[in-house]
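My structure is below; once you've seen it, I'll send some questions.
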Amino acid sequence: MEEKKAKTQEIIETEIQMGTVHPAALEPYRVRFFVEDEIVKDAEVTIGVNHRGIERIMEGLPVEKANILTEKVCGICSNAHVWNSVRTAELGLGVEIPERALYIRVIMGELERLHSHFLYLAHGCEVLGHETFSMRIFYMRETIMDLLHMVGGNRVQYGCSIIGGVRPRCDLNEAKLAKLSESLDLVEKNLTEFADRFTRDTMVISRITGVGIIPQEQALKLAVSGPTLRATGVKRDLRTDMFEYDNFDFDIITQPDGDVKSNLLMRVLESFEAINILRQAIKNIPEGKVADRFWEMVDTDIIKSYIEVPRGTLYHSYAIEDGRVRGSIIRTPSMANIGAMQYASIGSHITDAQLCIVQCDPCFTCSDRVMEVYDYESHKQLDKSMLGSKILY
Amino acid sequence: MSYLTIVNSVLEVIILLLIALFVGVLIPGIERKYVHARIQQRIGPPVTSSGLWASIKFLYKENIKPNSPVPGLYKAMPILCFIVVFLVFIALLPLSYGFLAFASLIAIVGFLKVEEIAYVLMGSLSKSVMSAGLRFPDHVKGAERVNTLTSYIEDISSNRSLRMIAFGSFPLYLALFIPAAMCGSIFLGDIVSYQQVHGPFLFSLAGVLGTIVFFIGLMIMLNEYPFNIVKAKADVIEGPYMEFASKYRTFVYVTRGFMIFTLSCLYSVLFLGVAPGLLSLGFIVCIIVALIFVLFMGVFSAFSPVFTNRQFYPVVLVSSVIGVVGVILGLLI
Amino acid sequence: MKFALRPYHVISLGGYIVETDFPYRNLIVVNKTAETIKFEIPVFDESWIQTHRDLGLDVITVSDDESFLNKFKKVQAELQVIKSKAEKDMVVK
């Protein structure tokens, strides 16, 4: 497929800017759409308005503290960050993790996948303008949030993994496992009904088919990962390489087209697969302790750990010196998918443009936090009076 | 006309207006609480909060000077829209049927056109902070295409409103002329009296087609989901209304509810032959029609995504064709 | 996709680098000028460094065995000097 980028010589009718605050975008980013008769010819997405530099803060912190800090990187995949950060240390230190702890980590990981995919679907439907679908998914997601609360003790920040296993409070007894199983049945039933209703809705399907296509070659060139890559037909899932998933049997879901429809259906089908993994985990969870506390802190070289999280591949890497973190790097899945978002919006109608960005499951909070409004001309921090509209007193 | 008649008429108009406004501000609440929330299996907001209390609340909010080249004109637009809807409402009352040019379909079409043009003006006059108005370093070193012409998102809204005038409102106007075709007159008085003799137009094939087309036209006119491309949340956010705050937003809210009610009255007059008069069953019929419209609008909007041009054009085309068939059938009767 | 780097600011790229085919572990990007500069992310290959040096940014590479923190702090200190000098000049003007 020919690359769909506007030639620089081409006359662009006008430029429409959106953001950094916009209801279709959950996070602050600035988009410049170069449009011609409401069709996006080129786009430029700018992020970084919330940059906090969490890797820099991690530098020199004790490993345990740094692990907890990584949980604050993202509000959606918080468990994934702490899991991978802990995993990095464990790989470096050669810590043996009890089998039961691995199962609990997988359970948390898959529950988080369900919650992230449901959030994605709900947000996607909201940007489509279909409030009812959006509400229904949020309704389903509540069940998952309750389960996460039950296991982790919190709805968002669970703090489940520690070096050597999981926290004892996250251990699962018979009652909790029964509750998990029961709730999953409910979620599966609701999700099946939703998927059936969604795919039969001709209006919704006509809105999402053929919109925001990312060709497979382009996705590979832009180093896209996770469900967004699999929605273009590439059968690549890092869970197949992770030792945590050795005892689980699951399919890698792919979709053929790489458009919004493929991306949305991708998440729906992957949610079923996540439920399948969870069922296996509940059924086969071994007895035993949940954490190995007898490990020794040693200095290590740079350690790298890759895991598959709901939005793609998460990469954590650091070295340990005197029990402290050195040279930390976190590459979140959104960072890998960033290039695709801009690309996907080119060629679509401007009402669909935000949808095309949303389809790649952006999560800019993964690296940026704390906003400061400033005037780039005078280099001063902006207050209310310097904004475009004046407040009358 | 005696002095007493004039006083009586003025009093009647004021009382009817107050009732209409009250019903109008309750309409958004009814739609959100009893239609959307029920469909979406949630409790929903209190009925009075989204229309009535929101309107009152905004009266007490501090005002923001809109970022507009002509703020005065921009702020006058909601008031103009309100006046236009009020004029349509008066034209529908039985006491104005004597003023032939005023109580005719041509006048009503004219008034509604003013309303549509107001959207275009509002869109082009608003320059909010939500797009180019935000001081963000867009055209700096390293940026792509640094010397391009920039537009505000409200400009898109304005362009879309212009297209709406060209084709979007076509179904509504076609539906208005189906009763005219059936009774052979464009005067509201004639249309009502014809139906009082021959029965409501709704119970004929042309009337049913007219009702369908009128309903679609009504939703397009009100920029209701799924036809709300003029103020789609996915790109233009609130569109022309973005910069209205405080009492001007109250006007926007009140006008919207009032317009739903007025267009329902228009339907009652044209297709049921029932004129909204004080102390008559007609007014209650109008309220019931408004509630039925709200119910259907709520159901449609809850089950449909926003239409882009790809979906919008075919819907307008099909409903216009139905409208034309309705007019032809009306002429043949 | 761009990242807006404000005047007299420093940022370490870290996670914005696609590390599969990139010789350095990290990049420290410094804007020593008085204007905001936008740079392209993510970083795919080595040519990015030269392109952005040409744009007016200082790009400092950090390899696996180098200390990121030392380099970062050094750059920050240098930047502080430049910034205070620029502010002084502004006051004089």
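When the chains are written out, they are named A, B and C in that same order, and each has its own residue count from 1.
Please note the rule applied: contacts are C-beta pairs under 8 Å (C-beta built on N, C-alpha and C of every residue); 3 or more make two chains touch, one makes a residue touch a chain.
The model shown is predicted, which means the values in this text are computed figures rather than measured ones.
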item	value
Pair joined by the larger number of C-beta contacts - B-C, A-C	A-C
Chain whose Cα mean lies nearest the overall Cα mean	A
Inter-centroid spacing, subunit B versus subunit A (mean Cα positions, whole Å)	41
Distance between the centres, which are taken as Cα means, of subunit C and subunit B, whole angstrom	54
Length of the line joining the C-alpha centres of subunit A and subunit C, rounded to whole Å	27
Junction residues of subunit B - those touching two or more other chains	136-137, 140, 143-144
Overlap residues in subunit C, where contacts from two or more other chains coincide	2, 4, 35-36, 38
Residues of subunit A whose C-beta touches two or more other chains	30, 44, 46, 376
Contact footprint of subunit B on subunit C as seen in their complex	2, 4, 35-40, 55-56
Partner subunit C, residues of subunit B touching it in the complex	136-137, 140-144
In the complex, subunit C residues that touch subunit A	1-7, 11-12, 14-20, 25-26, 34-36, 38, 41-42, 44, 62, 64, 67-69, 72
In the complex with subunit B, residue positions of subunit A that touch it	8, 12-24, 30, 32, 34, 38, 42, 44, 46, 125, 127-132, 135-136, 139, 201, 203-204, 206-207, 349-355, 375-377, 382, 386-393
Subunit A to subunit C touching residues, read off their complex	30, 44-49, 51, 53, 55-56, 59-60, 223, 302, 315, 326-332, 335-336, 338-339, 341-342, 367, 374, 376, 379
